[in-house]
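In this document, chain identifiers A, B, C and D correspond to the written order of the chains, with residue numbering beginning at 1 in each.
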Amino acid sequence: MSLDVATIRKDFPIFDRTVRDGKKLIYLDSGATSQKPNSVIDAEGDFYRFHNAAVHRGAHQLAEEATDAYEGARSKVASFLGARAEEIVFTKGATESLNLIAYAMGNAASGSRFALTSKDQIVVTEMEHHANLIPWQQLAARTGAQLTWFEVLPDGRLDLNSINEVISENTKVVALTHQSNVLGTINPLDAIVARAHEVGAVVVLDACQSVPHMPIDVKTLGVDFLVFSGHKAIGPTGVGVLWSSVLEELPPFLFGGSMIENVTMKSATWAPAPKRFEAGVPNMAQAVGLGAAIDYLSKVGMDKIHEHELLLTKYFLEQLQKVPTLKIIGPTDLELRGSCISFTVGQIHPHDLGQYLDSQGVAVRTGHHCAWPLTRKLGVPATTRASLYLYNFEEECDLLVEAIVKAQKYFA
Amino acid sequence: MMELDSLYQEVILDHYKHPLNKGLSEEYDVQVHHINPSCGDEITFNLSTEGGIIKSITWDGVGCSISQASVSIASDLLLNKTLEQAGSIAEVFIELMHSKGTKDGDPLVLEDAVALAGVSKFPARIKCALLGWMAFKDAAVRIKQLKEPDTRGSN
Amino acid sequence: MSLDVATIRKDFPIFDRTVRDGKKLIYLDSGATSQKPNSVIDAEGDFYRFHNAAVHRGAHQLAEEATDAYEGARSKVASFLGARAEEIVFTKGATESLNLIAYAMGNAASGSRFALTSKDQIVVTEMEHHANLIPWQQLAARTGAQLTWFEVLPDGRLDLNSINEVISENTKVVALTHQSNVLGTINPLDAIVARAHEVGAVVVLDACQSVPHMPIDVKTLGVDFLVFSGHKAIGPTGVGVLWSSVLEELPPFLFGGSMIENVTMKSATWAPAPKRFEAGVPNMAQAVGLGAAIDYLSKVGMDKIHEHELLLTKYFLEQLQKVPTLKIIGPTDLELRGSCISFTVGQIHPHDLGQYLDSQGVAVRTGHHCAWPLTRKLGVPATTRASLYLYNFEEECDLLVEAIVKAQKYFA
Amino acid sequence: MMELDSLYQEVILDHYKHPLNKGLSEEYDVQVHHINPSCGDEITFNLSTEGGIIKSITWDGVGCSISQASVSIASDLLLNKTLEQAGSIAEVFIELMHSKGTKDGDPLVLEDAVALAGVSKFPARIKCALLGWMAFKDAAVRIKQLKEPDTRGSN
């Protein structure tokens, strides 16, 4: 493989520790959260140690340095996504980013392209994470708009056959995930974006499972909003990103300091984007840590990371499918998918399987993965998921398979 | 493997493979449906009493070995107890589950359920072990409302 | 003084650095954000290094450890405030906490005690930070409720003379600050809480400037909601707290993973508090860092910190008032105030003064301090503010005064 | 003190203490009001032109020495220029302000305004220096709308 995984792993201190009585840590849960390299941990620490002050507020040197560090991180995120700095908003995570969009639309004055009425439609898909489903359910409930969705086919792809009916003239928003965090399916965006724009709808892309794993250029994708979480991209917890090319048209969400233009006791007006969306003293150290994460990923190379994960996914799929009664939930065609691999093993409940794997040092996730409507639809209320990243390697797959086989004996 | 075996005791795997009282009775006084939001496990729980004594517990559901074994054990243990006795046994069990591995459980009170003591060391699994017991508590409240309409006064 | 400031300062690495060509850092801007001790920086770093995993989600050892660390931090915050763990919600900061309350009330079903109509009133004060003003303006605008307020007297105290008219039978919410971040005024809560509860209103306390500086017991205060930011309490950025005794009655704010009970494509139901208010993978490392901050503050002792700050404030007020043309904006009676000290110096604009002080190594904040209606009301569009904390000491006051006198010459 | 003196050049303190064109004229073609949201500084700005040439700039406001000196300088520098000339001088000035201390500014174009070059090293003060110039740009757009109603066609 083209990545030097052994060298990369040296940068991630957690791999020095063991779990469950001295077992090597096999971390296959990066879809939930990724591990962090020293450079990210140190960037956060150094911000506090050397430059800590409230950005945009003080007229002193520390405040200048803090502002430079924070705005520098914004520029890094922007160029990572092929965007402009003014198009980047720091949030506390993808969940907040998505809620921000939905609430801000709810705040839009009637007549705005974002204001929804009972005549309008919001389109999602059956494979959305709860974070990209419930905010839209709630917006629909508040505005009277109708929530409709693309169904998921048994093989884990979206059913786009009736795209022109699902996305109708009344559709104002199409919100969907780039890669499913359960199935690994990567959704084809071109047709969806084209149809959405044809009817004047905006496209909101949940890129939580794609931005960390492949090169992304927002201009090429053609979507109007994109969100992701820092902590899934080797960055700190407590920071996420909202990118949008239409921020200027969007009303604010959180209200408070630094997002204002003028304030009286009775009313207020707003600063231009991105400030309008960053009320209060921001998550400065975390944004700076995310900047360091992006530096790290860029240095390794997103194309290389993507290639590495594809090869690894191929190996995992091949080896896992050799295990009797193991069933992959999601597409097995590499063209259609990324490195979130869900499966079931005979009648062993995923909770029991996960627990057994844990006893062997293998960390996976089990359950509905916050995409309950999807797992229900597929008739597998819970699955076991192995999700991969730049620091994983083939031998970990062998150990996973070995542990699964042992679990089959244990629960036989 | 020590740790894991303390979780998956023989008794538990037995109950899991051969669950007691599984399969819903056609008749029941109350039926409740409970869900474990973190993993998606579900249970339907039927309860019947006569003169305050539990006469029948049947259930059905999907879930892991811990949740299935736990409800199987409960359905056997609580049978023929008064609602009050069963309620206090449930409290003892819930306390055991929250003991973080510091308690063994009293076999005179909990019988087979002491085998679940190891669960208390695995925080993510406590909800699994409690699923059936929470369903029982809920059903018990409802059956009281049904069978003992408020006799305490006219408020 | 009873605090060993020299020893305390050794724990804060930023005091090892200099500013503006080798000048000692005189940090008098803790009201904007506080500096961090090593134990807090290390707690965040160690979380990533040793225990990083998504809380409440994985069935593996790291996830267990992460959950223990995160829930342990919640317990620390709870006992610090004299509260129960279930009453504590982690947010990204006080601004989010306040917006959470306002939006959640906006989500309340009609008939709920939190649902507002055009018959209802929301009461704030003229000395609120924008974060405790604009969310209520917006809630009023959305619901048709009326926003009214307590005025500020020229000496910087609230005018409570007409308390029974300002808080009327129609009042549903009274939102006010504990200590003004401009004036230093500490508001008398007893009468306000009593009157609010008499009419069935809830009291929301913005404790950003009090929790870090004095012992707080929520039960003694008697309020219904209390918020503060971690970063002003020697904790990390990106974490805040919402405490409330009535969380169970409040609908959720952010929607997504981990805050649900059941989800279908069409609708969802909610987990009990505090989970209901923590959608998504939380700011785990930051919460853990805040736990370490609370350990540090508790070890020093909140009563000692408070005493230290009062003595220091006394000294600052005395020395500053000796400077010709310097005017304190806010009460000068120590009984009425804390350690945020605002002032004006003759005709020197605060921006110029702040810049000059910065050149001498003295970090203060200048402007309207995100309380623009207040500074306008007082006729001082901008002030200079020195805000103190446990690591400040008397000599820093002398250096501040010296620098101010030099500035007077510079701009004469 | 080097750094600070590069910010507060003699010229700037002079303009601050003796501002030019301060005090609003009774007559004007357009009046705009601008605010600096981060510090609360405010300015009112009157602009009049004749045949596309700036004939009068007067202003009033509260603010720091940088913002006051900057508008004083602008009000003098832009006088008797065409709106186009003034607009491009403003662009040159704005560029200088964003140069992070890497440029000195062309004295032939900016005259006294080059004294503000040092501001570009103090990010928090750039908005102060720009307040008056932003007011001018705004006023210039409005005066064009007023005096040159769209002659480009009928769209």
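Brief remarks follow.
Note that in this section a residue touches a chain if its C-beta (ideal position, glycine included) is under 8 Å from a C-beta of that chain, and two chains touch if they have at least 3 such contacts.
Bear in mind that the values here come from a model prediction, so they are computed numbers and not experimental data.
Looking at chain C and chain D, the chains in contact with each of them are A. Look at the CA centroids: the one farthest from the centroid of chain C belongs to B.
Annotation: A-B is the more contact-rich of the chain pairs A-B and B-C, by number of C-beta pairs in contact.
Distance between chain centres (mean CA atoms), chain A to chain B: 38 Å. Distance from the chain A centre to the chain C centre is 31 Å, each centre being the mean of its Cα atoms. Separating the centre of chain B from that of chain C, both taken as means of CA atoms, is a distance of 45 Å. Centre-to-centre separation of chain B and chain D, using mean CA positions: 77 Å. Multi-chain contact residues of chain B, defined as those touching 2 or more other chains: 38, 122, 125.
Among all residues of chain A, those that touch two or more other chains are 20, 57-59, 63, 260, 262, 351, 355, 366-367, 372, 376.
Taken together, the chain B residues at the contact with chain A in this complex read 1-4, 7-8, 13, 38-42, 62-67, 122, 125, 128.
By the touch criterion stated above, chain A contacts chain D in their complex at residues 56-59, 63-64, 67-68, 260-262, 271. Chain A contributes residues 13-14, 17, 19-20, 25, 27, 29, 32-33, 35-36, 40-42, 44-45, 48-50, 52-54, 57-63, 92-96, 98-99, 103, 107, 126, 129-131, 133-135, 137-138, 141, 147, 149, 229, 231, 236-239, 253-258, 260, 262-268, 279-286, 351, 354-355, 357-358, 362-367, 370, 372-373, 376 to its touches with chain C in the complex. The touching residues of chain A, when paired with chain B in their complex, are 20-21, 349-352, 355-356, 359, 366-368, 372, 375-376, 381-382, 410-411. Interface of chain D with chain A (complex): residues 35, 37-38, 122-125.
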